[in-house]
Each structure stands twice: as structure tokens, then as C-alpha cells.
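There are two complexes below, and they share chain A, which is joined by chain B in the first and by chain C in the second.
Presenting the complex of A and B:
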């Protein structure tokens, strides 16, 4: 039940590629997505509760008017390493969520559609990364 | 018929035991987190525009619906953090020589302590 290790996915049977190589290829692909899932899981666990509390609870209910808050956001993000951290947290968290949603959908009976789910969710995560890069680049 | 036989599993398998239900709740936190990440991009984008655009977003943020949604997301994020830090030592045990460090110690040093530091830095940066 605990998804702690990349699963050994069943390779499609292609006659020209030996079976052990198919398994190795399928496995290395899984390891790639799993490493992004793992990194995103760690970063979202460390950063997101505090960021949610700030943007959703502290900013609208405690701080001053919109001009003062925008000024504070600018003060924070004008330093490029902060923007880089934001890009890493947001981008990798997207991959974390995509991996979990894909595997949950597979666990709920869509195992035969794993490739389509991968395109959908990992594609969405890539789009999210591009959007994050665009937002944080033009600061 | 090609391929291995796959045993049919009932759709509501995760309702069978408490552990399965917790597993499913943990997986579903990713839906809330993904939704919040999209909101966060909108927030940063609007903050980069003018006062009028950001003021409109702040009005939305002050609505009760927004408050409820943010509390739900905060709950999901906290559940993810706690389950993640508790699982990490099981997934990646830390050994010193032959001895395996206790999971609780690894969870605190590698998870909860950095979590507190990061959270304090963020709150200090915002409120300080």
C-alpha cells in the first residue's frame, strides 16, 4: 500500500527488444517520475503549510491595503534566489500531485489507461512548471 | 487474450479498512494541493500587476468561501506534511554502520525540525 519504492511496471511485449531490457526501460522511466514525485513531496511538505497560512489567512485578514501588500510581495520576490525557491517548490509540487493523482486513478480501476493518465497528469505538471516560470520570470 | 490476468478489484476497495481510508485521504490531499498551486500562481501574477487587479483578488480572498477553501487546503497540506515525514524513514532508512537509527529520530531530524525552521523563516519574513 505504501508507495515507497518505484514499482516494477509490466513492460509491453515487443518482439525485437529482449524482455529484461523492456523491464529495465519501463523501470527507469518510473524511477524518473518517482524521483520528481519524491522531491516535490518533500518540498511541499516543508513549504506549503506556511505559504497557505500566509496567502490565505494572514494576507487577507491581517495585513494592510493592497498597495502595502503588493509592496511586501515585491520586496520578497525581487531577490532572485527567492524566486528560484518558489519555482522549485511550485514546479516539483505539481509533479508530486500529478504522480499521486495518476496512481490513485490507476488504483481506482484505470490501470489499463496508465499511459494516457501519464500524458494527462505529467503533461499538466509540465504546463504548470512553464506557467510558474513565466509568472516568476517577468518580475 | 493477451497480457497477464488482472484480478478484478471492487471500486470501493479503499472503504474496507481504516488504513485504506487513511491511504485514500492522503492521496486526495494532492488534489487540494494542486488546486492551491494554481491559485498561488494567480496570486503571484496579480501581485505583479497593478493595485486594482490585486485589490480585486484581495476582495475574493476576504470572502467566507475563500476562508473555508483555504482552511481545507491547510488541513490537506498539514496531513500531507505529517504523513510524509513519518513515512520517509521507512522508505529511506538511515544507517550508521550496522545500526539503523530509530525512525522517530530520523523523522524529527530530517522532517519536523527543518519544517519548523522553514515555517518560522516564512512567517518571520512576512510578519517581521
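Presenting the complex of A and C:
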């Protein structure tokens, strides 16, 4: 028997809808935020311990030591692709945190305020990204 | 051993006489090889024939004897009294479902959700019988076999906090079964299911608490199925955005 596929009516099934409009549409926006959450979780699990070890322990130790930071180490850390990697990991970690916090708050009974929670937490993550970019720019 | 007893505190609600539910205590002979379902049947046969509960196979296959046992969703045919003895055992109907009578819950909403997930093989075109069966390799079978072990016992719905908050949430078993058919090499119905599965009241409502997989008596891992479905839906979404119009993955 030939099954007739029903007409698809939701926003995300129209490829010509611009990206920003797709993000704004109800069914799609969870996909977008979840993808940032998921990427943030994976990247922070892989790289955050190494970044903390390098920037939080190794570099301060070297800086406080009588020997200055080796020039090539310093050059590597301030190389712009490395800064971009740091920004990616830090920024996506903010979104990972924001998404988890929003859904935890919803699970705790604030489901009716999901939009406000989204503005609060995702807004906070965007602010965190901007702050991280500012710090890394002058690093 | 023969004289030992164990106390069952059983949830009672008879809508024709009770205004609200109560708990009734029964002292039941303790046998190390008895399960909670045996104790309930002993009560029904020897003490109180009005006690109502569902059961059928007594071997963890039919999925009809799910109840809350000391607050945990369990198949009562596999919850041994020796796990709890000498402490009393509290038996209640499955959480997150409306109670119809005593330990029996209404499954109408679950059946509706199950139907929405379309847990059956969908073909866009059936090939003629003369071309033979739809063959499948062991590797293709292995992709979905775990999710096909679901017996619709609904323990995962009783364990899921999102089901409790959000009655419209499609729920773990229905999503796992949708994923089971999406992963089946013989199936061509993923697009049909996506309209429901990728929607707000399905995978995106799940906050990955993971209790569904903890309580599943058949080790289906519905939480894993939901994560797989989220990843597939996300790839769909970005693919639609990135690929030229009309193309899909």
C-alpha cells in the first residue's frame, strides 16, 4: 500500500525560511539552544581541564617563578587561532551552563516562565561570551 | 520460615464508595521466592477479593503489573519480597497516571501518545511479494534491537519528572519506539514521525534526568534513544539551513 506523506506545515520544514527566523520559531529554537548546549558539554569535557591547567596553573606558576614565561609559549598562547579556540570553548560552556540552568529551573516548577528564563540565562551566556572576547582580545 | 509474615501497605481507592484513597495493611505469609505480585494475589484469594490490580504473564514479558513499590516503579512480578523483608512494603499505583481503581491506572493518554509516535513499519512503496522479503543484516538489526525490547509497561512514565510536570510530553517509551522504527533499515517513515518526535512536546521537553533508563526492566535505555533523536533532529535542522532548498539529508 502506498502511504501518502501528509503535508509538512511546521516552520523548520521550509528550507527557505531565513536562519534568524527559524531560530525565533517555537519548534526550532530548542534545536538551536540544545545544539549549543550539546557542543558546550562535549567541548568543555574535552578541553576545559587542559585550558584550566594551562591558563590557571602553569602560566601563573611560570609568571611567579624567577624564570619568565618562555617566549615561544607566550607567543603560542596569544596566537589568534588559539584565542579563538579558547573563546569557543569558554563561550559554548556558558551556553551549556545556561541551557542546563534554564531546564533545571523549569523542572523546579518555573515551566510557565520558560521564555523569561531563556532571556535571563541565554542573555547571560551571550554577555559571558562578550566578556570573554574582551578579555581574550587584550590578552 | 513458614510462620513469618510481611506487611503490605496497599493503596485502596474504590470510586463508588471512597471519597479519597486510603492505605490498607495486610499481613501476608513471607516466602523468600515470592514476589510482590504473589503477595497481592494471596490477599485477593484469601483476604479481600475486591482488591483490584492488573497482571498477566508473571514473568516480566507482558508489562501489565507495573506499580510503585516503596515509591519506585517496578514490575511487581520481579520485585521479590526478600528485597524488603522484614520491613513493610508499600504498594501504590504507578505515579503520573490517573487512578481508576485501587492499583489500576488509566492508560488512555499513554495509548494516544504511543499512536502518535507511529511505532510500526511505514513504507513509501511496498515491493511486490515476488521480490521476496526485506532482508536485514545483523548489523542493521543491532542498530535498533535494544529499543525494540520495550514492553509498554509504562514504568518510565511513572519515573519521569517531566511527564509529571508536562502531561502532554510524548514520553520515554513512545520516543524510544519511534527511534526504534527510525533506525530500522526497512522503514521509510521517519519524516512522518519527525513531525511529532522533533516537536516541542517530545524530545525537546526531555531534560535528560535519566530515570526512565534506570527503572526500565528490559534495559531499553529510553534516555539514550531520546538523545539519539535529539542529535538526529539537530542534524536535520542544520542540514535544512545549510543545504540548498529542497535538499534533505
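Keep this in mind: the second predicted complex is superposed on the first by the 89 of 139 C-alpha atoms of A that agree within 3 Å, B and C clash if a C-alpha of one lies under 4 Å from a C-alpha of the other, contacts with A are read in each partner's own complex, and residues count from 1 in each chain.
Simple rule for what comes next: a contact is a pair of C-beta atoms (placed from the backbone, for glycine too) under 8 Å apart; a residue touches a chain by one contact, two chains touch by 3 or more.
Computed from a predicted structure; not experimentally measured.
*Asks:* Under the stated touch criterion, which partner chain does A:104 make contact with: chain B (first), chain C (second), both, or neither?
*Replies:* A:104 contacts both chain B and chain C.
*Asks:* Between chain B (first) and chain C (second), which, if any, makes contact with A:130: first, second, both or neither?
*Replies:* Once the two structures are laid over each other on A, A:130 reaches no partner at all.
*Asks:* Is A:116 touching the first partner chain B, the second partner chain C, both, or neither of them?
*Replies:* Neither partner.
*Asks:* After lining up the shared chain so the two structures overlap, which partner does A:30 touch, if you call chain B first and chain C second: first, second, both or neither?
*Replies:* second
*Asks:* Give the label of whichever partner, chain B or chain C, reaches more residues of chain A.
*Replies:* Between chain B and chain C, the winner on chain A residue contacts is B.
*Asks:* Looking at A:84 after the superposition, I want to know if it touches chain B, chain C, both of them or none. Which is it: first, second, both, neither?
*Replies:* In the superposition, A:84 touches no partner, neither chain B nor chain C.
*Asks:* Would you check which partner chain A:57 touches, where first means chain B only, second means chain C only, and both and neither mean what they say?
*Replies:* first
*Asks:* Do any residues of chain A touch both chain B and chain C, and if so, which are they?
*Replies:* Correct list for chain A: 1-2, 5, 10, 13, 103-104, 107, 109, 111.
*Asks:* Spell out the part of chain B that touches chain A in their complex, as residue ranges.
*Replies:* For chain B paired with chain A, touching residues are 2-4, 6, 9, 11, 14, 19-20, 23-24, 27-28, 30-31, 33-34, 36-41, 43-45, 47-48, 51, 54-55, 58, 61-62, 66-67, 69-71, 73-74, 77-78, 80-81, 84-85, 87-88, 90-91, 111, 114-115, 118-119, 122-123, 125-127.
*Asks:* In the complex, go through chain A and note every residue touching chain C.
*Replies:* 1-3, 5-6, 8, 10, 12-13, 15-16, 19, 22, 26-28, 30-32, 34-35, 38, 103-104, 106-107, 109, 111
*Asks:* Spell out the residues on chain A that touch chain B in their complex, using ranges where they run on.
*Replies:* The contact residues of chain A facing chain B are 1-2, 4-5, 10, 13, 41-42, 44-61, 65-67, 69-70, 72-74, 76-77, 86, 90, 93-94, 96-98, 100-101, 103-104, 107-109, 111, 128, 131-132, 135-136, 138-139.
*Asks:* In their shared complex, at which residues does chain C touch chain A?
*Replies:* Of all residues in chain C, those touching chain A are 122-126, 161-162, 165-166, 189, 191-192, 195, 198-200, 204, 207, 209, 230-231, 233-234, 236-238, 240-241, 243-247.
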